[in-house]
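Here's the structure we're looking at; comments come further down.
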Amino acid sequence: MNKNLKIATIGGGSSYTPELVEGFIRGYEKLPVKELWLVDIEEGREKLKTVSALAQRMVEKAGLPLQIIPTLNRREALEGADFVTTQMRVGLLEARIKDERISIANGMIGQETNGAGGMFKGFRTIPVILDIVKDIQELCPDAYMLNFSNPAGMISEAIVRYTDYKKSIGLCNVPIGMQNGFAKLLGVDRARVRMEIQGSNHFIFATDIFLDGASVFDQVLNAYIDNKDNASMRNIDGIEYSADLIKGLNAIPCPYHNYYFHTQDQLVKQNKEYENNEVRGEVVKKTEDALFELYKDHSLSSKPAQLEQRGGALYSDAACNLINSIYNNTGDIQYVNIKNNGTVTNLPNDCVVEAACVITADGPKAIALGALKPEINGYIQMIKSFEHMAVKAAVEGDRAAAIAALNMNPLCPSDALANQVFDALLEAHRAYLPQF
Amino acid sequence: MNKNLKIATIGGGSSYTPELVEGFIRGYEKLPVKELWLVDIEEGREKLKTVSALAQRMVEKAGLPLQIIPTLNRREALEGADFVTTQMRVGLLEARIKDERISIANGMIGQETNGAGGMFKGFRTIPVILDIVKDIQELCPDAYMLNFSNPAGMISEAIVRYTDYKKSIGLCNVPIGMQNGFAKLLGVDRARVRMEIQGSNHFIFATDIFLDGASVFDQVLNAYIDNKDNASMRNIDGIEYSADLIKGLNAIPCPYHNYYFHTQDQLVKQNKEYENNEVRGEVVKKTEDALFELYKDHSLSSKPAQLEQRGGALYSDAACNLINSIYNNTGDIQYVNIKNNGTVTNLPNDCVVEAACVITADGPKAIALGALKPEINGYIQMIKSFEHMAVKAAVEGDRAAAIAALNMNPLCPSDALANQVFDALLEAHRAYLPQF
Amino acid sequence: MNKNLKIATIGGGSSYTPELVEGFIRGYEKLPVKELWLVDIEEGREKLKTVSALAQRMVEKAGLPLQIIPTLNRREALEGADFVTTQMRVGLLEARIKDERISIANGMIGQETNGAGGMFKGFRTIPVILDIVKDIQELCPDAYMLNFSNPAGMISEAIVRYTDYKKSIGLCNVPIGMQNGFAKLLGVDRARVRMEIQGSNHFIFATDIFLDGASVFDQVLNAYIDNKDNASMRNIDGIEYSADLIKGLNAIPCPYHNYYFHTQDQLVKQNKEYENNEVRGEVVKKTEDALFELYKDHSLSSKPAQLEQRGGALYSDAACNLINSIYNNTGDIQYVNIKNNGTVTNLPNDCVVEAACVITADGPKAIALGALKPEINGYIQMIKSFEHMAVKAAVEGDRAAAIAALNMNPLCPSDALANQVFDALLEAHRAYLPQF
Amino acid sequence: MNKNLKIATIGGGSSYTPELVEGFIRGYEKLPVKELWLVDIEEGREKLKTVSALAQRMVEKAGLPLQIIPTLNRREALEGADFVTTQMRVGLLEARIKDERISIANGMIGQETNGAGGMFKGFRTIPVILDIVKDIQELCPDAYMLNFSNPAGMISEAIVRYTDYKKSIGLCNVPIGMQNGFAKLLGVDRARVRMEIQGSNHFIFATDIFLDGASVFDQVLNAYIDNKDNASMRNIDGIEYSADLIKGLNAIPCPYHNYYFHTQDQLVKQNKEYENNEVRGEVVKKTEDALFELYKDHSLSSKPAQLEQRGGALYSDAACNLINSIYNNTGDIQYVNIKNNGTVTNLPNDCVVEAACVITADGPKAIALGALKPEINGYIQMIKSFEHMAVKAAVEGDRAAAIAALNMNPLCPSDALANQVFDALLEAHRAYLPQF
């Protein structure tokens, strides 16, 4: 790869892009990106223009020979790319708001990566991603694709099961967030903390934690139990877990488990948000609108501080780190979504798991985990079966698979509501769901 | 086994015993039981006396040399036995009623084999069963033990994981009930119907159905979907499943899945029963009291018709058939709970599964199932993990394992309620739970 | 299948056919075959004529309405068939003689199912079988195909891995031979003996033995060790195994293991046969020529006694029994080659194993075996890897796969000889090996 | 571990020790060893004295505060140790010479880690190692034990299967040797080459090779095939593999595979050595005697160049690197023997595999390999089954297990010779084999 490094970012008009650009600027010495293509679709033309201009100003300020190239022509951007990152949102935030509001209206958690909402985001996104993969295989077959569109787990699994493209990596900021949390509990720098995790995207458990390589799991588990704030993360209002739940699990859940362990309480909270037109998507939309106002300011030439409130702040870090580690074959450990292939022995080879991997120029190499721990095996298997069925429904347009998937998901209270919410969401998103 | 066949029935004072006796009388020609020892404990002395007397009259009427021997001395009964059947209820129906009422009062399904109630029945029963196994290994190590005490799956698993006794078989009437149901749908005799099932006790799915050996699965699945009564069974008021749920599962759930797929509706119903003091245990208690009144009638010398209403009518059939098939090495297929040992490739070897087995003089030999079907894998894995943790809690008296188990169980709505219901049930059953 | 039962036998001109016909006559009451199509190719026209005429006389003598229909038109024979049996020998006995003589000349065991010879018989046969399967899928897709052409294991595996036809069953007389042997050791009738076997065709071990369903393994193992004739079978001159080998294996090898445990001694013996022009194929050829002389005798209307010396006497029994059990859904246990699919947990799902199966109208259902026993796992894995590579070589014409396969096979002494024997056999069989 | 680092080397009087000492001197800055205890037994008193004196002179010359402490008191040395290395040879080189000569005299390869000789070295060493482990668990339970006594695979497996000590790591120089070889083929520095390996100690295959992290497997495979010297390594005279064998394997064998692929040729060579009293052990003995003469020279204060000819030169490098990586939590990749635990999905969890591991302060973390490649699965399974049985024989003194193990090993030509060589070796080593 000792050549002019070309990166194509699909969904380039996203409000996150300035963070990505900042990352590339900061890491330029080790990762000399030559061309950054920002790709978007016609509906995103305006945003793309705004974001690209800001990116251009940032690069100029930094005085780096990094070309920012906005385009609506995806194929041109992919041609000969070394890395492709995908961060698009099919149907924009409007679709997310529908996912959330319609789910809540049907008596269940409204969320963009979990439950009915997550499934429908998958339905809208997976066909587009499979299309992009087809283009990659034609135009830049050796490129790695880093996906951080949600639901990242299902999207990764769709690629693994329905294409023969080997170089997709699913990316998420949840593991980094947990690593941060444990570092805080230990009072140390994040870089000194390493984790063993088991599970699926947005559904992982930390099953071991290392400080400078030595296991400090029992210590952290106890500190976690004692910590009044044990279930929190920036964008989820956590409710405390009971000490015996955590002891019994002998594993530390990720923040999203709050939806599963405290479904009723979360639902009460979401119902209030629903009534106040303040479901997460609506809040985010306001933040985004404000961000784009800022981005338009020609005097702005750096990432505005407000972007951090947007949630998912660490995504770009994750992306830049991963690209850098592949490019430079660093061999450090990162937490990514990859084809299982024996990493977890009691999950199918062709499903996707989120796991600690050594990052090399040949991609991520997962550290063997053996079988899922019995204390958490049931949860993870259930969510993997849900994802299996949801991916099938997404690709094959199979309503029955979707209904069975929803019934399997603990966030869906009943068969009747599964059918009801499916019909309502299908109706709302018709334009993006030709497969059904 | 060409000798004087001795059977020991632990919990011999049960209201079910006349059915068992009727079974042995009917099958005497092929299965010439010489001695039937009915074992009970001090608290059951009166019932044992009543039931034994009835059994004695039944045998006399039939004119068979089958000795009925009631005893409170378990060890004497086990000495040299060929088969041991266990059907006891630790804490009697009073304990069951508490399991049900306390669960409902804490906002969750009250049931003797599922959820919190099932778990506590396991807590009370498992230590007693492990004690019996110890006696068997000393006094009649070659005897098969047929357990039909509930929760049969957890009890079987406790034996497999915490003893080295190889000859326990868990028995249930649910598979026979399903077989009956399919026979009815097909309009044929039950004997012509065979099933492939996947799952755990009270949590199985039919994944294939054969008529005279040929698969008629698609036909039955469609008939099942069309049947307005598709989720019913004598002792569970079923709610219809949606067509797409069943199509998506591509498997037919057992009646107990009603609690999982229609939790809210079942809860509403149970709350009414709770208010009317008509939870299942209370209803059963009335039936039993009436039955014992009948049993006391010295002119009665056959199983009264009212026993069938008691639910679980087919248990004794199941027990007699199984004993007969082992004794005579018939090689027919029955559905029992056995150590997995590769029957299902993606469950641990040392867990227990309910599966179709060829019954031989060397015990049940399971037909290989490969991996659980992805459409139902999640459910079954989850319930097996729940059982794993619950068995651990039962044997080791581990509260944290119990809390984590409850949280994993879909019938438990939240971490807080898991803790609450555990404390209430522990309080109620203190006398039977020295391990905690 | 309550209709006119049609069976197509490919390789109908084989000297074995009278046995098959005898079997159908004997079993007619339960298995009323209406049409038996005997299919052969142009080169076999004469033999087919002779055998068909004899079969016709046999049927007439029995006074049964079973039609014998000889044909060179395979597709006509397959059209609407209920069962297809395959027993052909590509290249006739001349090819077998070459397999054996050339192997011996290159310093290794010459044998039609093992080592280099077995591999080349596979190379010649597999493409023809895959062609037949294609025809079956078009002309009689619901028919079961029973293959008893050698090497039966590799042929079954080729079908499993390279087609989607689900109804092929590989058949062999070795398990029945072992069952007979154990019955003799026990002094009982074969029907009372059942086995657990682990392994691949011509490479199985008995890992448990049951008399009337009860395990008598230790007793048989000891009797086997004490028996001076412990390694014999009609068509292999056995050499005694040491007591500790058998104790250590804790399993009883099939007769073909003689080639593996006593390679040098067998080689010495084969070298003598080679010099005297009496390798097995040459001996068999003489027997066959004599048999065909007998068959031509118009006064003959029953299977001649001499056929039994031919070896493989029990094949037809095996075939008739299997067809009968499927047709009548008997549910008895037979030992056949089927897709593994979890039967053995540490072999791939898509390989083929020989195992005890319940025979039903839906085909064979294997009894779960768990993992291969460690004492024999190494052998079986090695032979399965050999077969995996050999099948790949056969279908893809891949010389490197063939060389690696030979090197893996314990009967091949070195890399150099692997290359040498491959070239010599390829040269000899060129006409039948277009794939290379 | 920020304290006074204490290392105990069992078999400290070995001729290898100066290399180890040199390694600790060279790496002192990063790995400040405070105390190096050299432990030996009474029979080794003289050698220990010589070696310790040399070590002392080396340390003095280097001017480092590293204490060399020779002792015959193993428990004193273990007390509070941080790392234990084991490199002893039970029965000294005399026993090795017997292993080799007696094997050859019985018609099979004589070798200290393979076949009958390797098995008997295991029989002598395993009981001693299990004893050491018991001491470690009592006296320094947190210490890592690095074993480089042969047969390292079997010894590691004995510890895994028969103790609950978790911190043993088996170490070998073969992977480093292969890495060196590939680096040479590529014309690059060894540090830039990484491998994926599958297999067991002295029986591994390289299944992928990376240069600066990017796979160059196909390139290396072709270069390896073209290289006339493709099977060589310092202490094995290699014979070239055929191109198609290597292509078919699609993997590069380690040097020891020469004994398996070219058994006959190696045997011819060994027979000559036998006649000339120049079997490997005899040659090594001469080298060692000469080395000890050198070591005695008081003017010598550095590792003499002649030590490199001894073979196994890289062992000490391997040990120092591994200790350093654990101590400093470097996270680099090394190739060690560890409990499988899912690393290879089709080998048992409790066997030992040699695999690429990330080395951390919490020990080695293996990179997941999935299932063994079918092209080499058979070989590896067979050798693992051999080792399984051999370890059982070693610990339980089970002659039958030993005979079955030998029969499974491809280097043993027959059942008869297995029995013969076992008896001869047992007779020769009686004093060290009380378990039989």
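A, B, C and D label the chains in the order they appear, each numbered from 1.
Simple rule for what comes next: a contact is a pair of C-beta atoms (placed from the backbone, for glycine too) under 8 Å apart; a residue touches a chain by one contact, two chains touch by 3 or more.
Computed from a predicted structure; not experimentally measured.
Asker: Going by the stated contact rule, which chains contact chain C and chain D alike?
Answerer: Under the touch definition, chain C and chain D have no mutual neighbours whatsoever.
Asker: How big is the gap, in whole Å, between where the Cα atoms of chain A centre and where those of chain C centre?
Answerer: 55
Asker: Distance-wise, how many Å sit between the C-alpha centres of chain A and chain B, to the nearest whole number?
Answerer: 44
Asker: By residue number and range, which residues of chain D touch two or more other chains?
Answerer: 371, in rising order.
Asker: Linking chains that touch, what shape results: line, ring, star, complete or other?
Answerer: Its topology is that of a ring.
Asker: Who touches whom among the chains?
Answerer: Every pair of chains in contact is listed here: A-B, A-D, B-C, C-D.
Asker: Which residues of chain D touch chain C in their complex?
Answerer: 241-245, 247-249, 261-265, 346-348, 371, 374-379, 381-386, 388-389, 398-405, 407-408, 410, 413-416, 418-419
Asker: Which positions of chain C touch chain B when the two form their complex?
Answerer: Going through chain C, the ones touching chain B are 194, 208, 210, 212-215, 329, 331-333, 341-345, 349, 358, 360-362, 365-371.
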